[in-house]
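So, here's a batch of structures to check.
Look at the two complexes coming up: chain A is in both, with chain B in one and chain C in the other.
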Partner chain A sequence: MQHKHSFLVALAVFALSSFVSAGDVSGTVKFDGTAPHMKPIDMAKEPVCQKEHNPPVAIQAVVPGPNNTLDNVLVYVSKGLPAGKTYPTPGQPVTFDQHGCMYNPHVTALMVNQDFHVTNSDPVAHNIHPLAKVNKEWNKSQPPGSAPIDAKFDKPEITIPIKCNIHPWMRGYLAVFDHPYFAVSDADGKFTIKGLPAGHYTITAWQESWGEQTAEIDVPASGAKTLDLTFKARPVY
Partner chain B sequence: MGRAFAVVVILITLVSAYFFAAHTWWLPDGASSHAPALDEQFKSTFLEAGLAFVLSQILLGIFVWKYRDKGDGAKPKLFPGGAKGPVLTAFILVGVELVGLELMGSKVWAQLYYQQPPADAVKVYVSAEQFAYYFRYPGPDGKFGGMHPDKIDVSTENFFGLDKENDVDARDDIVTGTLAIPVNRPVELILHAKDVNHSFYVPEMRIQQDFVPGIEIPIHFTPTKIGDYQIVCTQLCGLGHYSMKAPLKVLSQPDYDKWLLEQAANQ
Partner chain C sequence: MRECRLLTILMLFLLTVPVAAFASPADPDQPTTKPDTSSVKVGHQGVTSDYYVPNSTHPLWKGAGLPIEKASAKIGNLTGDAVKGRNHYRRYCIGCHGPLGNGEGENAQWIDPKPRDFTEGTFRCRSTPTGELPTDQDLFNTIGRGFVTTNMPSWFAINDQDKVDLIAYIKIFSAKWNNPQRAAPIQIPPETPITVESIQRGHDDFEKMQCFKCHGQQGHGDGPSASTLTNSKDQPIRPYDFSAGDRFKCGSTNADIYRDFMTGLDGSPMPSFADQLKPDEAWDLVHYLRTLMVHVDSPERKIMIENHLQFKNEDSGQ
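Moving on to the complex of A and B:
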């Protein structure tokens, strides 16, 4: 009877551990110091888009959230993943929209060969131009009302600036990973990287104006780990 | 056949000349101080060339009618004396026409290109890039900061490569996507191309000037009518050329001062 009982317990622990042998890393990205002045974007050359922003929208070089948090920061595992391991490409597309002559989202991350689905919600044409250096560089016109563009990036690249060849102020960033352990901080500076197997990792946070911050972290076999990252504020000219 | 051809030639001549005489598709009203002189030159040229055109085409029609093939087997006759006479006449006529028009037009040209604008002209730098214009005013200190091409970053609205961190003169420079100028004051624009050829064209101002990469090109004019105009690019510059334009506002001096203050707050 005791053998059967302990066997069942061992079986239960084994079954549970195969589901919860991975941890989540979440946290907040913040900055130290004063939020830099962000110049408003002058859209005089495209009156239809200019009308959408009253008051004008500011450049997105640094987008602070409440309590000195930072939006649009890319957070990802840069070291510690087992070498040579491949991860399945997610089936769902990552959407990227052009609206009011701005890119939404401003910073996007996806996996190698995942569908990058670009839509034009404006009544004017755009010409999306990812300035890739590792992947193939391309640009494509998208007149108003035209079909979405579906593209794939087959190599990891951090990061690819995206510009519009018709509207000089439009800027976005894309990061392509060969693993799924990445996130982009939201309007409150919060991010979560899910399902990281237990181990020791280096986490890198990338902000387009302020560069990178890194931190070492030990992820437990199960449960969540909190990690806050802080950038030192600098003016953006 | 010859008669029909003669009639067609004369009809086409008269119909096409009509549209010019009737001003069916004509220039918009001029709004700058040199517009009347330029328009005079423009009209004189069209009148002179138009008259010469109509007369020569009617003459052609007459010749086609008179010396048509009458079906009697007659051979075409040569012009008495051969070709030398007509060719010399053509040279003289066309030469007089060209030199005459050039002499007439040189005054307007000199006014625009050989005279310097006065020292108190409103000076604005214009940067043309694919596919937008940006304008730079010196700001309250009256001084333009230096332009550093390596510092140009369109994603932070730094179209002129200003070094606001280290260059004190650059800190209050005003950069906008709209060109506003005060009425009845000379304005000097310094044109700079960031990438390829572009052009600055405002029909009402009777001003058109190419931007050429590597050259800073000054132009000047005096706007005489308050209003909203459009600057359009008339030098094919790429896939967005059709979309390349900027608003031009000619304002009263108080409105212009107010506009400058508003723009300064948006830097």
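Moving on to the complex of A and C:
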């Protein structure tokens, strides 16, 4: 009798797990060591933007959060997805705003052919110039008060630096994926890659100054997986 | 006996010299049959220096783009042959653009701005929208025109067929040429009349588009951002000084100037304004830009002087 029960329970768990076969991979990106000093940006050439930041904002080559956590880290599945599988393009646009002569967000991740929606909320002109190598390298002006620019990237490319030639301190990064399993860490270093099917994967974390970290994970058939990634702090020049 | 031996050696030597001279296969005008093997001697005027074939095992050597048999170009009834183009390239272009087409020829270190890196597939002077490859005609015009204020001369001495061959050849360098789809050139509607009002509206566009950020209020290329401009390879670059002369890199007619800011000069900081300016506004801007060319006689300049036009620049940010 006991045996029969446990068998039924096992069967139920198996049946359930085949329905809930995707898990969220979440965790925190941290760094070991002391955060390098980031110089404040001198926006004297653009007084309108200078007024926006008091005290002056620092360059974003490394953005540490509380307790040695790390902001703006791109975390994505780099290996382990079935070859040849295609994923639908999200209908939602990814927004990208220029405010106070800074990019918001600093690191933008999107899917191939997803709408990249660029707005300028500054009273000054910017030019949006993604320095793509695989995709098209385009360069468009966006003077104050002009309509949003909608663009698409038709090939996966990790990563594309994006700059404004008018304001040399403006620098951001774009990452274009052919799958939806990526995330960018928030101000507390937290990230969540949603709905990853069960299996074995290589996860790569990319930080613009400190390069890449990889981790091998097994996403279980049921539920979530926690993954913390740690970068070694190095000076940034 | 000893003399006899010496004589024999001398005679043997005299005999072999002319044979060796005739046996020399160097013929500069004939394309070598197997140019892609590392042992082959390819050269200009019979020079068989290693420089011309520096390292044929380099991964970029055969280019990342179209295979040389498939690369072609078409201008009117001329069809480009990339294999012939390779010989012209090695004769005229290799010194600056380099054997790998990456702009790292032996002269490149002395040149500023740097020679074009063909492996990037990014070109300044196009009739196509920003981010797109140029048309064959664009490249043809560029080779013939040269780039004023750079080391790229006007290649008027190369005949049209050779230019088309060259255009075919440079398509082997960048993977961007592998995509057979090409964007169509932008439409340039007929020029609007040159009037006082048009010049004034053009001035307003200049302010609204904030062209002065780089080009300066008087178009002298001295705007607040001018000193920090860099191209796509992070090399310093100067904005155009409209008072410097009458030549532009991508052609000097009014339609050329129109095309410059509507397509953007890819690879440089100059963006495209196609989303921002309507055709009429763009022509107005062209008419205003002409007035900034203070040393060049033009209908626009004449109207400006005759009507004593002056522009106030309050919002300069300078």
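Throughout what follows, the second predicted complex is superposed on the first by the 218 of 237 C-alpha atoms of A that agree within 3 Å, B and C clash if a C-alpha of one lies under 4 Å from a C-alpha of the other, contacts with A are read in each partner's own complex, and residues count from 1 in each chain.
In this text, a contact is a pair of C-beta atoms (placed from the backbone, for glycine too) under 8 Å apart; a residue touches a chain by one contact, two chains touch by 3 or more.
What you see is a predicted model, and the numbers here were worked out from it, not measured in a lab.
On the shared subunit chain A, the superposed partners chain B and chain C overlap sterically.
When the two complexes are overlaid on their common chain A, residue A:P40 makes contact with chain B while staying clear of chain C.
Applying the stated contact rule after C-alpha superposition, one finds that A:P56 touches chain B and leaves chain C untouched. In the superposition on chain A, no contact is made by A:K232 with either chain B or chain C.
When the two structures are aligned on the shared chain, A:K79 is found in touch with neither chain B nor chain C. Residue contacts after overlaying the shared chain place A:R171 against chain B, while chain C stays out of touching range.
After overlaying the two complexes on the shared chain, residue contacts for A:K194 are found with neither chain B nor chain C. By the touch criterion defined above, A:S146 reaches chain C but does not reach chain B. By the document's definition of touching, of the two partners only chain C reaches A:L131; chain B does not. Looking at chain A, you'll find residues 45-46, 124-125, 127, 141, 165-168 touch chain B in one structure and chain C in the other. If you check the complex, the residues on chain A that touch chain B are 39-46, 56, 59, 61, 124-125, 127, 141, 161, 163, 165-169, 171, 235-237. Of all residues in chain C, those touching chain A in their complex are 120, 122, 129-132, 208-210, 213-214, 224-225, 228-230, 232, 264, 266-267, 269-276, 317.
Residues of chain A that touch chain C in their complex: 45-47, 124-125, 127-129, 131, 133, 136-144, 146-147, 149, 165-168. Residues 129-134, 151, 154-159, 162-165, 175-178, 238-240, 243-247, 266-267 of chain B are the ones touching chain A in the complex.
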